[in-house]
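Shared chain: subunit A. Partners: subunit B in the first complex, subunit C in the second.
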Partner chain A sequence: MSETTTPLTPEAGAPSAELPAAPQPPGSGATAAAPRGGRGALVRWALWLLLAVVMFLAPVYLPGQYLTVGTWVMTGAVGAMGLTMLVGQAGQLSLAHSFFLLVGGVSYAVLSGDGSDGFIGLHLPTFVALVLAVAITALVGAAFAPVSGRLSGIYLGVASLSLVFLGWYLARSLPSLAGTTSSGRYVEDLHLFGFYFGEKSPSLYVLDVPIGQNERLWWLFATLTAIAYAVARGAVRGRIGRAWRAVRDNEAAATVMGVSVVRQKAIAFAVSSSYAGLAGVMVVWWYDGLLKPDEAVDSGTYSTSVAIAYLAMVVIGGVGSLGGAILGSAIVFGMPLILPLLTQGDGSGINAVSGTDFSPVVITNLIYGALIVLIIVFEPGGFAGLGRKLTARLRRG
Partner chain B sequence: MGSSKIARTLAVSTVVLSVALAGCSTKASTSNSGGAPAAGGVKTDVGVTDKDITLGNLTDLSGVFKTLGLGITQGTQMWAEDVNAKGGICGRQIKITSQDHGYSAEKAVPLYAQSKGSVLGYVQLLGSPILAALKKPLTDDKVAVVPSSWASTNLDVPEVVMVGTTYDVEMVDGLSYLLSKGKIKEGDTLGHIYVDSEYGKNGLKGSMSFADAHKMKIVQSAITSTDSDLTSAITQLKGAGVKAILLTTTPAQTASAVGQAAAQGLDVPVFGNNPTFTPQLLQTPAKAALTSGNFITVAGIQPFSSDAPVVKDIATRYKAKYKDTPTFGPLVGYTFGQTWGAILKTACDAGDLTRQGILDARAKTTVDTGGLAPSVLDFTNLGAPSTRAVWLLKPAEVEGGLSLVQPEPYTSDEAKAYKTPFQK
Partner chain C sequence: MSILVQVLLNGTGRGAIYALLALGFVIIYKATEVVNFAHGSLALFGGYLTYALKSQVGWYLAALLGVLSAALLAFLLERLILSRAKLASQDSLAILTIGVDIIILTEISRRLGTEAAPFLGDPYQGIRLSILGATVEGPQIVALISAIVLIGAFFVVFRYSSWGLAMRAQSENKEAAALMGIRSSRVTSSAWAVGGALAGIAVLFIATLPIAGGAGLTAAHTIAFAAFPAAILGGLTSPGGAVVGGLTVGLVEAFSQQYINQDFAKVAVYLVMLIVLVARPSGLFGRVEQQRV
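Moving on, here comes the complex of A and B:
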C-alpha cells in the first residue's frame, strides 16, 4: 500500500449531509479528500464557523431541560460514530456497543474515584482518567480480535451480543468496581485547569446568563463530539479507512493487496470501542456522576436494547456516514426525550389520562418505530443517502 | 460566483445577530427573589405564590408500572381536591403538575430539569432506577420528594420522605407473624427468592437479620426482574428442605413461584413483600394457589376493600370519579398527599415555605392519616422508617384483590428492635 497523507483536520470538510464514504457500491474504494477550489472551502469554513457559534451560544438561550436532551444526543452521537465506522466502513456487525459504554464508564469511575465508601478508586486527575478510560476500552475492543477475526456478519453480531451479557453479569458481581445495582457509585465530573464542568452555583456569566453545570456540560460534550468527528473523518478518509473498506468489500482481494484482514478487523473494533468508551464516560457525566449497573440485561443504560438503539442510529443515519450517525442519535436518543418535554410542558391535563390511553410517551415510541420502518423502506441509505441525493440535485439544478 | 462573499456575509451576520439576540435571552439572570418574605410573612422561593403551592408528580403512565403510577396519581389528585375544597393550606391552593417518564431514567432526567424550577417538591416519584438517577440532583436542589419505592437504603438523605415502612422491616414483620402463628420454628431453613436489585436486596436484609436472631438458615436465590419462570428456583428450595418461601419479586414472578410450589407439592407458607402482589394475579392460573391460604403479604396502607370509614369514603368517591379497576394505588397516593399536607402545615406555622423550610419542617412532622396507614407516620427520626407497623393481607375475591388477615395493624418486637442502615 502506498503511504498517502490525508488531512486529519476537518478544514477541508463538508457539513454532515455532504459526507462521502458511500458504503453501498462495492469496490468504491477511498473517496477523494482533496480540497476542492478555494471558494468551496470558504463556504465550508463559514458553515463550520456558523455551527461553532450556534453551539457556543445555544446554552445561553436553551432552557436546562433542552440542554440535557442535547448533551444526551451528543453522547449517542459519539458512540454511533464509532459504530458506524465499524459497521459501515469495516463491515463488521457488532451488538456489543452498550458493553463498551459500560467498560468506559467503569474504567473512568475506577480511575477517577477517590476510593471512599468501599469502592475501588485510584483518584487520578479526571482528565487523565478520561484518556485512560478511552484507551482501556480500545484495548478491550482489540482483545475481542480472536473472535472478530474469525467471524463475520450475523455470526459476529450474535457473538458480540454475548459481551453485553458478560458485562451485565460482571458489573453486578463486582460492586466494588461498578457500584451496586441499588444506588450505583458517584464519581466526579471533569475539571481541567481549575475549571469545574460540574459547577452547581456558577460565578461565570456569559451575556448575563449564569453558566452552570448544564451549560458547561453542553460545551464540553460539543467539543468532545467535534474532536471525535474530526478524528473519525481523518480515519475514514485516510489509509485506515481504505484498508477497512478493502476488508469490507472483499477479504480475499484485500489480502492480495497486502492488507492484513485480521489486523484491520482488530483495529476497527478497537477504534469503535474507544468511541463507545468515550460515550460511556459521557453517560456517567450526564447522570451527574452516577455509574449504576442495570438491574436487567434488556432494560437500562447498558442493556441489549441500548446496543440495538445504537445499531438503529447507524441504520437511520446511513450506514458508514459520520454525519448520519449524529442525525441518527438525534432521532433515536433525542426524540424520545424531547417529545415528552414538548407535549407535557406544564403538566396540566395529564391527570385525565387513563392508563390505557395514548400518552405522550406511547406516541413517542410509536413515532420512533414508524420512522425506522419508513426510512428503511423508502430510503435504505438513511439520512446520509437522502443528503447525497439532495446535494446532487442541488448541484445539477 | 459570489458564494465566498455570501459565506462571509452569512458568518459575520450570524455572529452579530446572535450577540445582539443574546441580550434578550430569557435565561439572563434576573434579580433573585429567593427567601424574600411575601404576603402574610411567609418566606417562599420555588413553586409557591400568594395563591398557589405547586407540587410535582413524576410518574410512570405508560411503562411497566403504569397501573400503579396512574392509581397513585389519581389518589394525590383526590387529596389535592379535598384540601382545596377546605380552603387549601397556608391560604394557598394546591396544584399538582404531572409528568410521565415511562419508567425510563433517561426520560426522567430532562423532565425533572423541566419541572424543578416551578415546583416546591414532588408528591410522587415512581421507580427505583429513576430515584437513583435523580437522587443527587434532588439533594443538590434541596427538593423534598415522596418516592414510590421503599428501600431503607435510600433514607440517607433528608430529601427522601418515605411514606410507610421499608422492605426489610416488612420482611421482619412477616417472619415474626409466621413464627408467632407456629407456621415456622426456631432453627428452620427458609428459602428467599429475591430480585437482585435495590428492592430485593433490601428485603433480603430483613430476612437475614430475622434469621440471625432466631437461628434460622436462609437459602438465597437471586433472580433478575425479567425472569419469568421460577421453576428452577423452587426446585432448588425444595431440595434444600425449606419450611417457608419468602418472596421479594415482581407480581408475575410471584404467580410463577406460588404455582410451581403447588405443582411440586411444596406445601409451605409463602410470605411476599408489598409489591409482590397485584389484583390482576387473580385472573391467572395461579389464583387457586394464591387464595389457598398459604400466601400472605403486607402493606403500609389499608386494602381497597377495607371496612374502615376513611377507606370507604375514598373508595366510593374514587369509583364515582374514575373508571379504572381499583388497586391500592389511589389510597397510597392519598397518603402521599396527606404527608405533604402535614409537612406544609408545619412549614407554614414556622413561616417558611422555602425548600429548606420544607426540609426543616419534615424533621418536625408526624402525620395522622386517619387510619389509612397502620400507625402515625413519624418523620422526626431521619434515617429511620416513618413506621414499623404493617397491615397483614391475603389475596381474596374482593375489590383490590386483597383483604385484611386481622383488623389490627401488626408490629413485631423484632421490627421495633431492627436497625435500618441509616438509623441514628
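Moving on, here comes the complex of A and C:
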C-alpha cells in the first residue's frame, strides 16, 4: 500500500458534506512519497535521527524564554494532532477541544495532588497520574457518544461547544477539584525514575549548561510529542484510520461495508480527547504546575476561544494532516510568544501592552483569522496541501 | 408572584433579542446552508459604528447607519469571500466564517481597548415600566416591540413577496430554482444582508445597561453566542423555530439566573440545546436531512 492512502471516494467525487478531505497522511514533505526500503528509507531515518539530535541539543543553545515558546508550541501540537484526526480523518467537527484539555488537567491535578489546602488529591505517583489522566479524558470523550453518534456536521460542532460551557461551569463550581479562579491550585511536575522535571536548582550539566526546569520540560515535551505523533501516524495508516475515513466519506456506505458508525465515532472522539487530555496535563506543567479555571467562558486557557484556536491550527495546517497540526500550532500558539521575544528581546511585553496597541496577540489573531479565510478559499488542503503540491512539482522537474 | 412575573418579563425581553439574532442566523442558513459564526461580529460591527458616529450625527442616524453597515458587511462577506469558495463544503464555509469572526472581533476589541465599555441604548436607557409589581427596563420593552414588528414583517414578506418565494424555492432545491430562473446570487446575498441588518438591530438592545450590565458593547459578541443554541434548538431551517428557540433560550436563562445562579444560566441554555438535539437531531422544527446512497 502506498504511503498516500486515498479516501474511499475519489477527491473530485460527489459533492461531499464533509470537510476538505485532504489525502493522508502527511509525513515530512519530501520524504513522504519516497519508496519503502533502499535509499529512501535510509535518508528518512537519517533525517529523523538528525531531528532527534537537534531537539536534544536545543536546550543547550537556546535561552530559556525560547524554550518556553517551544514547549508551548509542542503542547498545542499534541492537542492539534488529536483534533486533526477527529475533524480530518473521522470527519467530525468538534469545538470542544478546550473542554478535554481541562478534563486532562483537572484529572492530573486530582490524581497527583497531595490533598493539602482543602484540595482533593489522591497523591498518586506523577507518572501514574499522567497515564490515568489521559485514560480518563479518553473515557469522557467516549461518553459523548450518545450525542456524537446521532449528530453530524455543524450540529455536532455546536453541540460539542456546549461541553466547553459545561466544563467552565463545573470548574468554577468545584474549587476543591479544579482550584479557585483567583489562585488556582498547584501540582507537582513529573517524577520519572528519580528524574524530576520541575527541577529549579539543577546539578545536572550538559556542555556546561545547567539543565533546569525549562530544559527538562523541553526534553519531556519533545518526547511526548514524538510519541503522540508516532501513535497517531500508526492509527491513521492502520485499520482504525481506514474505518474513520469510511465514516467520514459516507456514513451509509460505511455501514453497508460493515463499519459500525457509532462505534467508530466514539473511538475517534476517545482518541482525540486522549490527545487533548495529554495536552491538558502539559498545559498544567507549562504553567509551572498551576491549574486555574477561567474567569470567563470566552477567554482564558480552557475557553471557547482556545477551542477555536485549536480548530484554526487544524485548518491552517491542513485538515487531517499530522505534520500540518504541528505547523498550525507553531503559528497559532507560537506567534504571540515569539513576536515580543524577537522585537524586544524579553518576554515581558506579552501582557504589558494594553489599550489600542497592535499587541502580539492582536497581530497573531489577525493573521490566523486571515489564514483561515485564505486557506478555505484558495487551498482547502492547508499548508500540508501546499507542501504536497510543491513536492509533486519538484519531483516532476 | 412579582418575582415570577419579573423573571418572565426579563426572559421574554432577552428572548426577543435572541430571536432577532437567531432569525438572522436562520435566514442566512436557509439561503446558503452556511452556519454563520461571524454573526456576533456583525452585531459588534454595527454596534461599533453606531457608537463611533453617534456623537457626530445623533443617535437615530447613527443607529440607522450602524444597522446598514452591518447589512453591507454581511453582503460583502457573501459576495467577496463566501461566493468565491465554491469548492468548499458547508462545514468548511462555517469554519471560514470563524476566521472572519476572529478578524472582526480582534480589530474591534482592539479599537475599543481597555477603556470603559460604551453603551448604546441612549433613547430608552432610562425608561422603566411597572407591570404587576415587576419593572421592565426600556431596552427590553423596545426590543420586544421591535422584534414583534420585524419578525412579523419578515414572515409577511417571506410568505407573500417574490423575494420570499425565491428564498423558499431556493432552500427547497437550489438547482431546480436556478432552472426556473431564480438568480441564486441575488437571493443569497440579499439573505446575508437581511441577516446582517437583524444582527445590527439586535446589538442596539444588547449594548444597554440591563442586558450587558457593566460590559457594554464588548458583551455583544459573547451574548450573540447564545443565538447559536436558539437557532439550533428551533432547527436551522425554520424561521418560526428561531423565534421559539430565541424565547426558550431567553426564558431558560432568566429562570436559571433567578433560581440557580448567574454562571449556571450560561450553561443551562446549552444543556437545553443538547437535550433537544439528542431527542431531535435537527432541532424542534428543523427539516430532517435525508441521505441517498
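The definition used in the following text is that the second predicted complex is superposed on the first by the 328 of 397 C-alpha atoms of A that agree within 3 Å, B and C clash if a C-alpha of one lies under 4 Å from a C-alpha of the other, contacts with A are read in each partner's own complex, and residues count from 1 in each chain.
Rule of thumb we're sticking to: a contact is a pair of C-beta atoms (placed from the backbone, for glycine too) under 8 Å apart; a residue touches a chain by one contact, two chains touch by 3 or more.
Only a predicted model underlies this, so the values are computations on that prediction, with no experimental measurement involved.
In the overlay built on the shared chain, the residue A:183 is in contact with subunit B alone; subunit C does not reach it.
Applying the stated contact rule after C-alpha superposition, one finds that A:362 touches each of subunit B and subunit C. In the superposed model, A:250 makes contact with subunit C only, not with subunit B.
Of the two partner chains placed by the overlay, only subunit B lies in contact with A:50; subunit C stays clear of it.
Applying the stated contact rule after C-alpha superposition, one finds that A:90 touches neither subunit B nor subunit C.
After superposition on the shared chain, subunit A has more residues touched by B, the comparison being subunit B against subunit C. Residue contacts after overlaying the shared chain place A:336 against subunit B, while subunit C stays out of touching range.
Of the two partner chains placed by the overlay, neither subunit B nor subunit C lies in contact with A:102. Look at A:297: by the touch rule set out above, it reaches both subunit B and subunit C.
By the touch criterion stated above, A:224 is placed in contact with neither subunit B nor subunit C.
The residues of subunit A shared by its contacts with subunit B and with subunit C are 172, 296-298, 354-355, 359, 362, 365. By the touch rule above, subunit B contacts subunit A in their complex via residues 3-4, 6-8, 10-11, 14-15, 18-19, 21-23, 25-29, 56-57, 61-63, 66-67, 69-70, 73-74, 77, 96-102, 104-107, 109-111, 113-115, 117, 128-129, 132-133, 135-137, 140, 151, 153-154, 195-198, 201-202, 224-226, 323-324.
Residues of subunit A that touch subunit C in their complex: 15-20, 93, 146-147, 150-151, 153-155, 157-159, 161-162, 165-166, 168-169, 172-173, 250-253, 256, 296-298, 304, 308, 311-312, 315, 354-359, 362, 365-366, 368-373, 376-377, 380. Contact residues on subunit A toward subunit B in their complex (touch as defined above): 38-40, 42-43, 45-47, 49-50, 53-54, 57, 60-69, 72, 172, 180-184, 186, 200, 205-210, 214, 286-290, 292, 295-301, 333, 336-338, 340-341, 344-348, 350-351, 353-355, 359-362, 365.
Taken together, the subunit C residues at the contact with subunit A in this complex read 35, 81, 84-85, 87-96, 98-103, 105-107, 110-111, 113-115, 221-222, 225, 228-229, 232, 236, 263-264, 266-267, 269-271, 273-274, 277-278, 281-283, 291, 293.
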